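Here's the structure, in structure tokens; my notes come after.
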């Protein structure tokens, strides 16, 4: 139970930091921390082999999302203009 | 699931929602939306819908990427 | 009342008000705010164990975001 | 107890619907109105979802399908009215998506998962995977081939229903036929949506 509480605590703290941070680029590492912690919490909540697969899917998805946000923010899509 | 853990994830979800509404830059909005999505996932896991969780977790970034396509004209960086 | 139900209703209220009267009257802002009530409805469906409806709603909401983005891009194209 | 929950939920959802309709009344720009229609749809689906039985599920699924069809039609009407229907839209140019392997992996996961699920939802999932792949990579269209696949799968679906009616003892075969037919059909339809977009260099 203590590891689940730890995951939830880290996720809540990082979520607060994400919202309170002013700089857009500094928000992204904390978003990654949130997704690490939530992926861990999913596995700890459901003791089932399929939970690992679901957590992996969530992890891949959220990493792709934050990468896409960072790439667009840095002007990655401007090479056609 | 523990009551305390559930309360933390519920608070995270509300923080994400309020952050999405309050921030002005579209990129900040999308990042806060990511926090909201992260807060929803443990509730899906708690009910035991692991297949729904996997599908939702893969569809949510697709939605974000679609929105990113609409806003790539106003590039911020160098 | 289940916690999912209460959180879902809260998200519905926040999202509807934010999307109906956004701070900046902007297509992008409204589109991003539309995601919030969608996740709220998803949580309400979760609290009643409507797995199949939840699943389809996720897919359909991504698809409708795609259609809106396409219309917006055509509108902004020179 | 259940009645109290139901009435509170109904009150909140109806209030949300009224707020959305007021915003729709005050709006004059057409694209904003189109966005608000989607907002109105969400509380209305919430009214059905609050029933909380299998009936609600059976009512929500057609509601969603009608909603997406209506949205497609209205967006086409809007584009033609503004005279911007045949403007070129450039494809996805985010570097992470168009260069790396992540979209391929996600598409493969979605397609395999959709095939395992089979049926309507499986078709939706596999179709989303194909949409994403075409969008990220761009593709030459083979519309006629896809239309033929769609027609064949539809015929399979109908044939499976005839087997249900005429030869009920082969129900397992009919079930599999119907599931595969609808899977192919939904997948093909969604792949067509992806092809509408994925032409980056035009």
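Lettered A, B, C and D in written order, each chain numbered from 1.
We take it that a contact is a pair of C-beta atoms (placed from the backbone, for glycine too) under 8 Å apart; a residue touches a chain by one contact, two chains touch by 3 or more.
In this text the structure is predicted, and so the values were computed from the model without any measurement.
Set against the Cα centre of chain C, the chain with the most distant centre is A.
Looking at which of B-D and A-B shares more C-beta pairs in contact, the answer is the pair A-B. With centres taken as mean Cα positions, chain D sits 21 Å from chain B.
A straight line joining the Cα centres of chain A and chain B is 9 Å long. Taking each chain's centre as the average of its CA atoms, chain C and chain D sit 15 Å apart.
The set of chain C residues that touch two or more partner chains comprises 27, 31, 55, 59, 62, 66, 72-73.
The set of chain D residues that touch two or more partner chains comprises 90, 93-94, 97, 106, 109, 125, 128.
Shared contact sites, meaning residues of chain A that touch two or more other chains, fall at 57, 60-61, 64, 68, 72, 76-77.
In terms of which chains touch, the assembly is arranged in some other way, matching none of the line, ring, star or all-to-all patterns. Taken together, the chains touch in the following pairs: A-B, A-D, B-C, B-D, C-D.
Those residues of chain A that touch chain D in the complex are listed here as 57, 60-61, 64, 67-68, 71-72, 76-77, 79-80. Taken together, the chain B residues at the contact with chain C in this complex read 6, 10, 13-14, 17-18, 20-21, 24, 26, 29-30, 33, 36-37, 40, 43-44, 47, 49, 52, 55-56, 59-60, 62-63, 66-67, 69-71, 73.
For chain B in complex with chain A, the residues that touch the partner chain are 1-2, 4-5, 8-9, 11-12, 15-16, 18-19, 25, 27-28, 30-32, 34-35, 37-39, 41-42, 45-46, 48, 50-51, 53-54, 57-58, 60-61, 64-65, 68, 71-73, 75-78. Within the complex formed with chain D, the residues of chain B that make contact are 51, 54-55, 58-59, 62, 65, 68-69, 72. Interface residues of chain C, counted against chain D in their complex, comprise 1, 5, 9, 12-13, 16-17, 19-21, 25, 27, 30-31, 34, 37-38, 40-41, 44-45, 48, 50, 52-53, 55-57, 59-60, 62-64, 66-68, 70-75, 77.
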